[in-house]
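Here's the structure we're looking at; comments come further down.
By letter and in written order, the chains are A, B, C and D; residue numbering begins at 1 in each of them.
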Amino acid sequence: MSKTIETSHHPYATKSDMLVRLRKIEGQVRGISRMIDEDIYCDNILHQFRSVEAAINGVRKTLLEAHVKSCVVGQIQEGNLQVVDELITTIGKMTR
Amino acid sequence: MSKTIETSHHPYATKSDMLVRLRKIEGQVRGISRMIDEDIYCDNILHQFRSVEAAINGVRKTLLEAHVKSCVVGQIQEGNLQVVDELITTIGKMTR
Amino acid sequence: MSKTIETSHHPYATKSDMLVRLRKIEGQVRGISRMIDEDIYCDNILHQFRSVEAAINGVRKTLLEAHVKSCVVGQIQEGNLQVVDELITTIGKMTR
Amino acid sequence: MSKTIETSHHPYATKSDMLVRLRKIEGQVRGISRMIDEDIYCDNILHQFRSVEAAINGVRKTLLEAHVKSCVVGQIQEGNLQVVDELITTIGKMTR
């Protein structure tokens, strides 16, 4: 069950925006399956992969932004600098 | 409806392998939605994004390989070199 | 010593174009060293990294294109399909 | 001229480490020029590009880490949250 708005660490709008976009991504992935099943020309399918990738990357950025603005800033302000190492590790993974 | 094996430009095994993997990716995306909905700690969700990205990239490589080995090689052998420009454009997009 | 134009597998124009761009990239890298040495604000330096990355990626694409259009196409036409596996491995590495 | 250690916002060790690595990258780029000039087989050169990319990405991560640990944390602790938006923009650019 979904947490109530009060206890969530994301603003409600951000959260439902991400959920809507993820649902759309699911549909895009299903679309790729259909294209492969129907033997659509590969180049067109590869183009569709790029859309999915861009959409996923977009949600991930939104999530990271929410994470930094809430958790990370809060913890730094409370003097917990361990969160900084964690953030750097996360960024490192996102950029290969 | 799915084309019969004979007319498909992918080997049957490659095609069903890709479809299985795409179905799994759909499930992974749904899993991210659930994690966001349940307010799981962001860092864990960001990790999940990386799995999805890797899985998508894997299917895309399989598709590109099938494309090159069937369509591209065939067209080159028939003297249609336009397919080469198209391939280069495709690779260019895949590598940013 | 540089090979003569006749024996090179790249058109002469492509080759000198790539060399000019690589020399410029060397200068850009040296510029980053200077910025770090002079304690320029990091965000500006990170921007400079992106320029270098884009420039390197550009040369790499030119090289790959020349490679595909000369070596790969030629070998396929001669019936040597092993070059295709090699190309797929190369593309796979370029896209992570 | 280089700033003195006292005024630099990077620890001295980090700074000289980055400078050494950038100098090595310059050499690697020069190596690629030489390979192209000498008509080395493209696939080998493309491999070399990956080394350069990895090395550049490594320095960039070190710089970002130093940036976050000094500037960003410091500004957040002083209540200047504008630095957070800037960081998010920077990360966004690094991850496409």
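Just so it is clear, a contact is a pair of C-beta atoms (placed from the backbone, for glycine too) under 8 Å apart; a residue touches a chain by one contact, two chains touch by 3 or more.
Because the structure is predicted, anything quoted here is derived from the model rather than measured.
Counting the residue numbers that touch the partner chain, subunit B and subunit C have more than half of them in common.
Centroids of subunit B and subunit C (each the mean of its C-alpha atoms) stand 26 Å apart.
Centre to centre, using the average C-alpha position, subunit B and subunit D are separated by 32 Å.
Chain contacts: subunit B has residues 60, 64, 94, 96 touching two or more partner chains.
The touch graph of these protein chains is a ring, one cycle where each chain has exactly two neighbours. In this structure, the chains touch in the following pairs: A-B, A-D, B-C, C-D.
Every residue of subunit C that touches subunit D in the complex is listed here, in rising order: 1-3, 7-10, 15, 18-19, 22-23, 25-26, 29-30, 32-33, 36-39, 41-43, 45-47, 49-50, 52-53, 56, 59-60, 63-64, 66-67, 71, 86, 90, 93-94. Only residues 57, 60-61, 64-65, 68-69, 73, 76-77, 81, 84, 87-88, 91-92, 94-96 of subunit B touch subunit C when the two sit together in their complex.
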